[in-house]
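Next up: the structures, one after another.
Okay, so chain A shows up in both of these, paired with chain B first and chain C after.
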Partner chain A sequence: MSAPILSLERLGVGLPSHGSGRPVTVLEQLDLTVQPGEMTALVGESGSGKTIAALAAMRLLPPGGTTEGVVRFDGIDLLAQDERRMRALRGRIGMVFQNPLSALNPTRTIGAQVADGHRLHAGGSAAQARVRAIDLLGEVGIPNPARRLDDYPHQFSGGQRQRVMIAAALACDPKLLIADEPTTGLDPLVARQILALLAGLRRSHGLGVLFITHDLSIVADHADRLTVLYAGRAVEWGAARRFFAAPRHPYSQALLGAVPRLGQASLHGIPGLLPDPARRPPGCRFAPRCAYAQAPCEVAYPPPVGDAGEAAACLYPQPAPLLEAGHAAAAFEAGGTAPLLALEHVTVRYGDAAPSLSEVSLELRRGECLGIVGESGSGKSTLGRAILQMLPYQGRILLDGQDLAALPREALRRARRRIQPVFQDPRESLNPRLRVRETLAEPLRLVGMRDKDRLAREVASLLAKVGLDPSLADRFPGQISGGQAQRVAVARALATRPDIIVLDEPTSALDVSTQATLLTLLRDLARSERLATLFISHDIAAVSWLADRIAVLRQGEIVEMADTMRMIAQPNHPYAAALIDTAPRIARR
Partner chain B sequence: MRDGVAARLLSRRSLPRGALLGGLLLAVLILALCFALPLVWTADPYALNPVSPLAHPSARFPLGTDEIGRDNLARVLDAGRATLLVAIPGAVITFLAGLIYGLSSGLAPRWADAVLMRLLDAVLALPGLVVLIFFAAILRLSTPSLILLLGLISWPPLARLVRNETRAVRDRDYVQASRQMGAGLFHVATTHLLRVMAPVLAVNFTFLVGDMVLVLSALSFLGLGVQPPQTSWGGLLESALQLVALDPWWLILPPGLLIFASLLSASLIGQGLLARQGGGR
Partner chain C sequence: MLRLVRRRLGSAALSLLLLTTIAFVLSHLTPGGPAYSILGPGAKPDAVAAINHEFGLDLPLWRQYLRWLWALAHLHLGSSYLSNQPVGTLLVSYEKNTILLQLVSLTASLAIALGLGMIHGVYHARGAGRIIGAIELGLYALPSFFVGTLLILWLSMGLGWFPAGGLEDLRLDHQTFGAALSHLALPATTITLLTVPVLSRYFAQSVHEELGRDYVRSAAARGASPLRILFGDVLRNALRPLVTILGLSLPTIFAGGIVTETVFSYPGLGWLLWQSAIGQDYPVLIGIVLVIGVLTVLGNLLADLVNGLLDPRVSYA
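Coming up: the complex of A and B.
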């Protein structure tokens, strides 16, 4: 084995805390190596310390951050370099971030931005740099690079911008590429292409890649080694192939199990919450949430079990569980009953642009869940908002056979109450200055409930319905976790006892472990409340788990609509087939 | 990291709970000073004592006398009544006018919003002082008319601010969700917009009170504000500063400290209310 290009040895990071003034340790004892020509994945949920680890390695921590341990890049200890020396070294480490739009300068052409790195680190004339930029853009898969060199970042799609970012990073001729969640927020198809690109580059350039992500399933195909972080400490690390064949740490298993896969019978979230960095348990950090924890787990951090190739820090490593296959169809009233909601040739158009939604017709029955999948820009959110009557449309939307657009004002107000939304980002969809109690009481007040005791009882029962502790009622949205906030949003949607719930990407802003719990909750609620649900998502595996039928939307049109089992077994439309192909499958394990 | 360590570390520390209490105490103190103390300290603020001009503080004149021998304590208390009786109602009127105008414009359909904003531009284009001088020439300036006039020229900046905030918040998901539950515009304004804008509003109200105290002293300087022989804190400060070569600290410090104390009190109350309303961010 050759010398690693990057090695972190017992890396620890402390950040200043504004609250108590005492520094908080966010990362401890992290060992990790990246070999030239290999991809190492650093996997963890938000709050695990994965981004901080990368920032610490690059010496880019916020002011007041402290580090301990060793960061060795190409044999040089980075933590011991002065800032001037460090600046020269950083050029040899490329970085790619989650949001390319904020990392690229909107007022300069992409050619200039890619050429910058080359001129800064290799020197040479502007003309040489331009030629190099064309080469690099071609290499990262920008079609027709010579023509697009003088375009600006906003003229590219999200996936292409990420490619431009990668080209800009390569322009410095780096030996190591650190990619921090580069695929988050991209459509699954595009995300896989970006990952394949990085995987290809590591071979062709002999590049070491450190890939930071919250999504274990996305790195399964390409990572050579990986480290799973939980609450600031590595829980399992080693060769990726051995890890995916038999993960041993209960957290690794839970994280893998929480990712929805096509054809999976049940989803298992991880109960409990991530411990606060200032109050982490002394022993195994995962013990409070672990199904297999015993008394010794709480005493000291467990020593690694395993060998140099693959190891887990666990006292009771578990054999990999088998996921159950199957699809539990809902008991909705199929057949003769009239549809609850019907769309007839619904078209939405903004200005003179091509319609965001064109001629969409579909039906939704009581108790049924219809999944809407498609990439960003396919019109799936527009469809949801049209059904909610939040935007003007052409065509007819019928609720119980009544044309909503034709209803008088007061009747429309009552009808809209029967269709409730749950939005993507719970932080956006709850008023930050309203206590949970007030947020949940709002819909009840709006239907005329004034009695304080009755309101308090209703709020408590709504919280219980979504599995939240009644004590949360007095908190503000900023004081609860993202998953809890999304449950509050679900509870608010249920408050007026609607018939239809429109779920617009309800899980995509949440961590993997929370997603699974929320999906399970949504399915149970839809069944117990006999709700019809419209589940909009780009994650076809999640949709297939919840939905009875799936509609695939592309460029504003439904290209295929079929029963879930039929759709995932045998998609007819090539686009639907491509989408289904990207989804994680149960059979691979 | 969306809601991880970083966010928690960066979140603002909540203000000490004492802010609201301190601000209220200070306000009560100032109000008691201006409105209750004159019942005890009955010296005539306008009576001349030619024998003792510019006297240092003493038992007879606790805050000394001015250049023509008027009792300074009585003057400060009298000026305080004049200042607060105009500044506070003036700030309240300006605040309400700006708030209601801004909310209406922000929630109105696009065309109505455009009309209201152009109207606001027209009002903004009028130079405030010139308008005041104009009205001063045709009206007899009484306290109520002064309050109304101050309100008339000061509301547009706040209205524009409120309108812009409203536009920024009105399409948020929680407002959409509220509308979906059947909420009307009035409900949206009172339940969501006011709560979200509370920090901005509280800070701006504080500024308004301060502005009013200052504008009032500028007006007094032009002979348009509080009519002589009555004067305001700003007026007292103004005339004391003309004698600065004689170092009459007893004439400068009391009105200066009182202006500062009023602003501090308004600010503390604003911040305290905010802290009580809380909100994680």
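Coming up: the complex of A and C.
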């Protein structure tokens, strides 16, 4: 084995805390290596310390951050360099961040930003840097690079922006590329292309790649080695192939199990919450949430079991569980009954542009879940908004056979209470200045509930319905976790006892483990409350797990609509097939 | 861009009409009248009536307004009741003094505020930033008549460096350059001292916010030095809110600091406004209001256009 291009040895990071001023340890004892021409994945949920590890290696921690251990890049100890030397070294390590729109300067042309790296490190003239920028943009797959050089970031699509970011990183001639969640927020098809691009560069440039992600399934095909982080410490690490064949740490297994896969029968979230960095348990950090934990787990951090190739820090490593196959769709009353909701030739147009939604017709029955999948810009959110009567449309939307657009104002208001939304980001959709109690009481007051005791009882029962402790009623949205906030949003939607719930990307702002729990909750609720649900998402695996039928939307049109099992087994439309192809599947053993 | 200009000017015409109506009605509602300003408080009723008849002030208010509008349509703003000069000529000669004063003050304010604000923004929560912040807040709290009076007492009456006022015309063929400069020094210093904290605080906030953005981290990860990031990436983005503030304060700039100009008896538009308000010189008063209104519209338009130059995402559709 050749010398690693990057090795982290017992890396630890402390950050100043907001309140007490005492530094909080967010990362401990991280060992990790990246070989030239290989991809190492650093996997963990938000709060695991994975991004902090990368920033610490680059010496880009926020002010007040402290490090210990060794970061060796190409034989040089980065933590021992002065800031001047470090600046020269930073270009040798390229970095690509999540959300390329904000990672690029909005008021500078992409050409200038790509050329920056070349000018800083190769010291060439402006003209040379420009030529190099054109080459690089072409290499990362921007069509017509010479013509697009003087365009600004907002003139590119999300995937193209990420390609520009990669080109800017390559401009410094790096030996190592650190990619921090580069595919998060991108459509699955685009995310796969970006990953393939990185994997290709790794080979053609002999680059070492450190790929940081929360999603184990995305790196399964490309990673050579990986490290799974939980609450600031590595729980399992080693060769990727051996890891994916037989993950041993219960957290690794839970993380893998929480990702929805096509054809999966059950989905298991991870109960409980990530421990607060200031109050982490002394032993195994995962023990409080672990199904296999025993008393010794809580004494000291478990020593690794395994060999140099693959190891897990666990006292009771588990054999990999088999994921059950099969589809457990809700038993809704099919056939015979009249549709609860019907769309007839619904078209939505903004200005003179091509219609965002064109001639969409579909039906939704009581208790049924219809999945709407498609990439950004396909019109899937527009469809949800039209059903919620939040924008003007042509065509008819019928609730119980009544045309909503034809209803008088008061009747329409009553009808709208029967269709409730849950949006993507609970932090945005909950009023940050209202306590959870008030957020839930508001819709109840709207339907005429005034009595204080009754309101309190009803709020408590709504919280119980979504599996939250009633004590949360006194908190503000900022004081609860993202998963809990989304449950509050679901409870708010349930408050007016609706018949239909429109879920617009309800899980995409959540961590993997929380996603699974929320999806399970939504399915249970849909069954117990006999709710019809419209589940809008770009995640076809999640949709296939929840939905009875799936409609694939592309450029405002439904290209295919079929029962879930039929759709994932044999899609007819090539676009539907391509989408389904991007989704993780359960391994056939 | 032309579309934006055309649309803005269309809606501006309506606002200006409304503005002059309000100014017209309010100024005519004040008790007394220009006749008393001209003749003195003990004027005889028939003399007052004669003057009111001469100026058309005995007509119903709506007819007076229509007459004023009709004249405006022919680009006549009327003549001053007090000095008998055409309002247009008066406005131009006083406005020139104001513009000179404000240009000098604004240039000085911007130069100081950009530097101070940049340091304040970079060292936001640290020693240097806190000290600058405290100075800014202190200056911000000072009223202009106080600063002006203090400067007169100290630099003019105490040390005798600068004249305290008494300027008639700043045009260089009437003044030596040195004399003009010495007359400008005190009022310009006053205005600068009061403008710097406003601009500087806005700019500091803006620099601080921009420094926290992801693209700054990207540039640092490329190995760019802090100065390069500050001037190559951050500056342009941080200027945008400042341009908006400047555009909004353009009317004040052209109307002149009323208080400052009065304290220094500086013959600018602010001083003229004060004099005509006391003397109930309606044509001049409404003329000034109209000028300020027009400048407000132009200021906002200018700010939007400059922001469009700074930010490629702004479209004028």
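In this section, the second predicted complex is superposed on the first by the 587 of 589 C-alpha atoms of A that agree within 3 Å, B and C clash if a C-alpha of one lies under 4 Å from a C-alpha of the other, contacts with A are read in each partner's own complex, and residues count from 1 in each chain.
Heads up, the rule we're going with is that a contact is a pair of C-beta atoms (placed from the backbone, for glycine too) under 8 Å apart; a residue touches a chain by one contact, two chains touch by 3 or more.
Given the structure is predicted, the values throughout are model-derived calculations rather than measurements.
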Tell me the contact category for A:Glu442 with respect to chain B and chain C: first, second, both or neither.
first
Between chain B and chain C, whom does A:Pro16 touch in the aligned arrangement: first, second, both, or neither?
first
Touching A:Gly49 in the superposition: chain B (first), chain C (second), both, neither?
first
Is A:Ser481 in contact with chain B, with chain C, with both, or with neither (first, second, both, neither)?
first
In the overlay, work out which of chain B or chain C sits against more residues of chain A.
B
Would you check which partner chain A:Tyr152 touches, where first means chain B only, second means chain C only, and both and neither mean what they say?
second
Provide the residue numbers of chain B that touch chain A in the complex, in ascending order.
1-6, 8-13, 172-174, 176-183, 187, 191-192, 195-196, 198, 277-281
So, in the complex, the side of chain A touching chain C is made of residues 58, 60, 87-91, 93-95, 97, 99, 102-108, 113, 116-117, 120-121, 152, 154, 165, 168-169, 171-172
Residue positions on chain A within touch of chain B in the complex are 15-19, 24, 26, 46-49, 51-52, 62, 277, 388, 390, 413-414, 416-417, 419-421, 423, 425, 427-434, 439, 442-443, 446-447, 476-479, 481-482, 489, 492-493, 495-496, 509
Report the residues of chain C in contact with chain A in the complex, numbered from low to high.
213-215, 217-225, 232-233, 236-237, 310-313
